[in-house]
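Residue numbering begins at 1 within each chain, and the chains themselves are lettered A, B, C and D in the order written.
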């Protein structure tokens, strides 16, 4: 077990090197030169050179790359080029907002999706099943952009059920006031695909022999579905959950922008627009790391839900 | 239950393969039939648009700005009286000072030429005499007249006819007065093209890499998996923005490339898993036993057996990419202005809902929702048809 | 402010058609304010408006007055020497004191002392400025001062000016004083050689006569130097604070003005509170005589102590829809109406009835700026003074329909720019109409005449048969897409093939400075109130800096050099007219528009009038909370 | 006469295939199970025996199955078909319980066996806590699980197949049911285990005095334990009666065929009689014609394998790897035109040997001399011409044919790869000939594998091998997945082909009777080792190794008269 974790962590290294190389290539080598941007309105070549020197982008690529590696190893990405804010502080301040949307979203979504999937899987082939599936399909066919525009205007502004935009300081204020509509919109988009997916997982399990055994034992249908089938569907569900998890960090950028939520996703767009490499690099590295750790966590969780899984 | 019963009376006739059986199953499903029809209609519409049979003039400004849909013509009260009736030179409270004293540019190298040309065009001042010194247009009335003539793109000067712009259109008009119905049809063409082309690219990359990784395993698998985990670890949006910045060009093809190059990781995973599973199957062993080469085993034997997975994934991609195009448009990496897509329409219409001009948003959403729904239902049915154990 | 351009929110307040310049500069001089009221009914309105019954929806328990305003883009930080975006500069102006400021109501704008006891004494034909500091101007208390307040002295101004030469700061405002102050540039060069700037060195041009007197010696006569002293970049900082946070000055602004940074959640919320140790002052302004609304302001505010507002809350809201709805939802007290919603807010240029019914007030103004589209002068096809090339550019200039830009893209919130000096800037010619007007028929004829023949596909080629493409450079934003639509349409009408080149802003600027961009839209907003700030845009010595199209004309250069030696006046106006002629003759640019700004204000906001140059008017404002204070 | 515990009367069940078609799985089945009696329901696949058992338990899929309203299933006098769902549920696991064919998949993999047993106790006996724990351990002990106190916390995958089936039985008898339905409970198990499980079921049946409905395709296994036998085919009952009657005096031709088409250890007819033979009345004469097997030292050697070893690796720990020796030092000679039988239980390494010999696995060590060359030492390219001369027929005929190819393509592909035949026409001609040879109609050429039954598919697989005119044919459990009657046909075919072409067979099977029937020499493997090797008649008559003896003792022999 421990050996497994150590080896998996060790495997992160080559991937991380690849991530570093790719992101360095995409942004530093073929990406823009932020010096002109930071130079202000009237800047002569000398000033540009000064700025490039300050930023370290006048160094040869291999030196810059080496610095990048050192930054990754020390987890110290310095400060944003455009705001001078320490990258660590960017994470410390933006992450909570993203999580405040992301965590309720994933929790509510998973619970609702599993419940609905269980009920429709149980009555599979029936009219209810079909109706729910078609509704889900329609719901997921509408662009998130449309949901945002329409919900913000109608639900928040016209009906006044939610604040139109904004973000507060308190956890409860954010969670129950500002995050509600964003979470609702995110749910509208992500619930349907998950219901469909989980339904498939459940149906797969429902065809297994042990379900027949459970029925032959005279167990109630509730017990068959909620204990036997659900527990066995946990592996694909956990996989799906874990795949989604890192995406929550930056994936909600559209919602964050429209609702002025100071999250990581909004920061990503902003930093790309500003060619703010320290921030881009840090976000990439952290999200990549989160993705890999989430994969590892998923594997470890398999072990917890399925005794057959051997971590080798 | 194996229901295929051998019937000796068939004679020598090609019997149905798994594909045609799957097709039969598909056609037995009412929802599938319906969605197939819808998808086909959309494809036909896109083709018709491609060949210029419909929506050829989507770029023509046939109606007044924000002309409402015909059905809502009466009920619609725009929140502003600006639609098309705005005086041509605006500046609400400010005067641009049009009919002000003329300006003599004695430095102009083109002065004589221009005067001459003006004479030819009959753009002279009221007196009829061409004043050698006054090279400036006698502005106000000439401009007003020319504007009338030039109201529509493509009208030749001097045709003299003022084209009457329509007050309403079946689906309304956009801010330039272009027909939303034409636009949304043209958008169908673009969005379908983007969806299919990007899906094919992503599928191709993912399938080939996945096949090699899954089939050969070992070092090749390690290398490809490494590549895959790099791509899947970098936040999707950053990858898109970076690749978009690298490609640095606007157009449908760029959109296709961005989506195709960033989207292959899903299918890689799926195909790799399938190849891993299939390479140990007896029929592949049997192929090995009869001396089939690796390539033959990979693509002649295994591929047809996992092609349903690829097909289903492909159609999932189509839907995904049609939706992603909207986000790309939002980020400014959508298609260029020489065409229109649902994504570009939705982004254009972002603010129009609040202004009361809901039709462009509505039309694009409606078309997209109908196609995507039909396509998704089709995908589901396809999956069921190809994989009967899931039923 | 670059960031403003990257984001799609450019459309918002001062919708900028993609121009670095516009963001980088702050309007320094007068712009014509345009009251919305008709003079006739003004009188009775004054009484009514001066005593509004509407009260702010924010009622804090301690009775504090709160003002809530939006930023369309996220701020970057608050170091006067380092801030390069407009919105952060607003906060900087609220926190720091520059030596000079502007009279709140005077029209045209008039400079006024801020921390000086009087206006600087100008001697030596404009080469010597003597600044006398007020007594009792204090930096707000800070641990760098041992937790106490500290008096602002002349040495602080010297230090603050020197900071513009600190390369580690990546300073952006050095150009305001570069080469102007005796000895300052030498001090920098010396420091650069040793690798370390000597902060304690005395500069011959910055003589501290006593703790409250500073004599600035200029290298050459400059009657505009007072404007520099009013710029927020010259907000005075305290050396102790700067040295306490060498790497993060952006986050620790400590100034001497009416407000201090109370709370800052980056990208989410900036809260300023009234500085309890502030020196104070009384609201005392005279009406400009040009705007009847001044009477209302005076009635509301005259005689009150300054800085009535206790707390200013600033929220960066990037999406227009969110900002507009937040304002309508009364979450904000003021709003620059986003361009896309101006139709709804201002049908026919007047405030919509539903807004009017809420007592919302509209204030319109014209920014001292214009947009333009330049051609690359060095390009073999598009640039140069040969007749057929001029004809090509002229034809494009005549084919671009600015009226459609104004009506459809800018929703009527702009006016056409005609003259090389924009409205509201000294040297502008008010009734001027350019000889180049929208005339596609003429444009077509012109192109035909000069041998730009149409091919079978309906598009023209160059006279020597090479392909002719109008390649327009811009960033990938929604606004730019609208321009692409317009320009493509316009170019199609004259048979010129249209193509786009989408680049990140940073990349475009880089190539622009190297004369590598063919055609691009740009904008320039006044740095200082003088026409010179605009006419220099075409001066060939400024290629690589501000002359983006790399236009080079001996005739223009001569005229410019002559004009630069003259103060504002009839003589210079004459030269400007000649320069305009040369400009039109060569057509290195297509003139664009000057944008309007529409400020919507809730009735509980008192004493507010958007100043054309000042950024943070908070200390002159009040909010009606319904409680006496 | 006592009343029957279970009485199935005129049971008709039909399945809906699609909107138009239904399939009648049971066409009026009637039989009784008396208290304290074991009834065997025997039939081949598709006979409807499993449907019958599921119908009794009320576990038929609701969506697409229909039970004729005239049918009755009376249990203790109540018609089960009229019970409500919850009444049926209460019955299940309590009064009627069931065990299934695949113990591995029938147990829920994510719960401990104890949990799964206690679940039944809680559901029906409301037994929880220590009482349930005690009872569960008791049950495990009863079904012969050693260290039950410890094993109760095992997950199913931690146990062997036999133990898993014991757990299933423990779960089934937890509530002392009146009726135990055992659906092919031993089919998936090795022969030695099968014997133990059969003994266990018989023992428990006696001890608890319950009735058992034993469902199997293999008549041989029921001889010892069943009181009555019901023979089913295609949804109908062909014959029923006491075990003795059915075994000694079968009336139905099908029953007769079932009884005699399975090879037995003590007889080796030239051909195995199949149903057609019984119908044609020639079965009895066939049985008399015997075949003699065995090799002489002078017989030429087709393939000689020396010291074959095959290891598999798996990762363990941080850097370590674990080696699994699948085959250890295997050596044998295969004589031309003769059959070498390879017998052993699952995991013995017999399949590994087969696959390694034809280089579908790379040998870890060893030599294989074929045609004067060591084929293990060849490169992939050098080996290609030899590849076609050693061919294999796999166990699962459903998996070994590419479902996307027509039979024609399947047969012609090897010819194309190896350049056999001149062009398409010649090749298709050969393919048609081979189809005729393996007894398939011509039009099979145009069909897809899924249109054929298992036996037919195995014929196609054999025909595919024959296209390359191999010298050696490896039959890897090639008949194990087939019904006995079909198995007999395929075995006959293999015999015929050997006679005609002089093929050498390596015949791999777990079924000792079949191996005996087919082989000249036999090699017994266990855990990768060859434990015994020799002439087949000799070895079966006088096994030397204890393991061989154990294997031979476990062979079900039908009725012990």
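We adopt the following convention: contacts are C-beta pairs under 8 Å (C-beta built on N, C-alpha and C of every residue); 3 or more make two chains touch, one makes a residue touch a chain.
Just so you know, these numbers come straight off a predicted model, no measurement behind them.
Visitor: Per the contact rule at the top, check every chain pair and give me the one with the most C-beta pairs in contact.
Guide: Of all chain pairs, the one joined by the most C-beta contacts is B-C.
Visitor: If you average the CA atoms of chain A and of chain C, how many Å lie between those two points?
Guide: 39
Visitor: How many angstrom lie between the centres of chain B and chain D, each centre taken as the mean Cα position?
Guide: From the centre of chain B to the centre of chain D is 56 Å.
Visitor: Distance between chain C and chain D based on Cα centroids, please, to the nearest Å.
Guide: Spacing between the chain centres: roughly 87 Å.
Visitor: Which residue numbers or ranges of chain C touch two or more of the other chains?
Guide: In chain C, 321, 325, 503-504 touch at least two other chains.
Visitor: Going by the contact rule already set, what residues in chain A reach two or more other chains?
Guide: In chain A, the residues touching two or more other chains are 31-32, 125, 149, 153.
Visitor: For chain B, give me the residues that contact two or more of the other chains.
Guide: If we look for residues of chain B contacting two or more partner chains, we find 245, 331, 347, 350, 354.
Visitor: Specify the contact topology among the chains shown, as one of line, ring, star, complete or other.
Guide: Contact pattern: none of line, ring, star or complete.
Visitor: Taking the touch rule as given, give the residues of chain B at its contact with chain C in the complex, in rising order.
Guide: By the definition above, chain B touches chain C via 59, 65, 79-82, 86, 88-94, 96-98, 100-103, 105-110, 113-114, 117-118, 120-121, 123, 135-137, 139, 142-143, 146-147, 149-150, 153-154, 157-158, 175-176, 244-245, 248-250, 331-334, 336-338, 344, 347-348, 350-351, 354-356.
Visitor: Any idea which chain B residues touch chain A in the complex?
Guide: Against chain A, the touching part of chain B is residues 31, 226-227, 229-230, 232-238, 241-243, 245-246, 319, 323, 326-327, 330-331, 343, 346-347, 350, 353-354, 361, 365, 368-373, 376-377, 380, 389-391.
Visitor: Which of the residues in chain A come into contact with chain D in the complex?
Guide: For chain A paired with chain D, touching residues are 3, 6-7, 124-125, 208-210, 212-220, 223, 228, 231-232, 234, 305-308, 312.
Visitor: Which residues of chain A touch chain B once you look at their complex with the stated criterion?
Guide: Answer in residue numbers: 14-15, 18-19, 22-23, 26-27, 30-32, 125, 130, 133-134, 137-138, 140-146, 149-150, 153, 196, 200, 203-204, 207, 246-247, 249-251, 253-254, 265, 268-269, 272, 280, 283-284, 287-289, 291-292.
Visitor: Which residues, counting only chain D, touch chain A once they are in their complex?
Guide: Where chain D meets chain A, its residues are 57, 59, 63, 89-94, 97-98, 100, 102, 105-111, 119-120, 123-124, 155, 157-158, 168, 171, 314-318.
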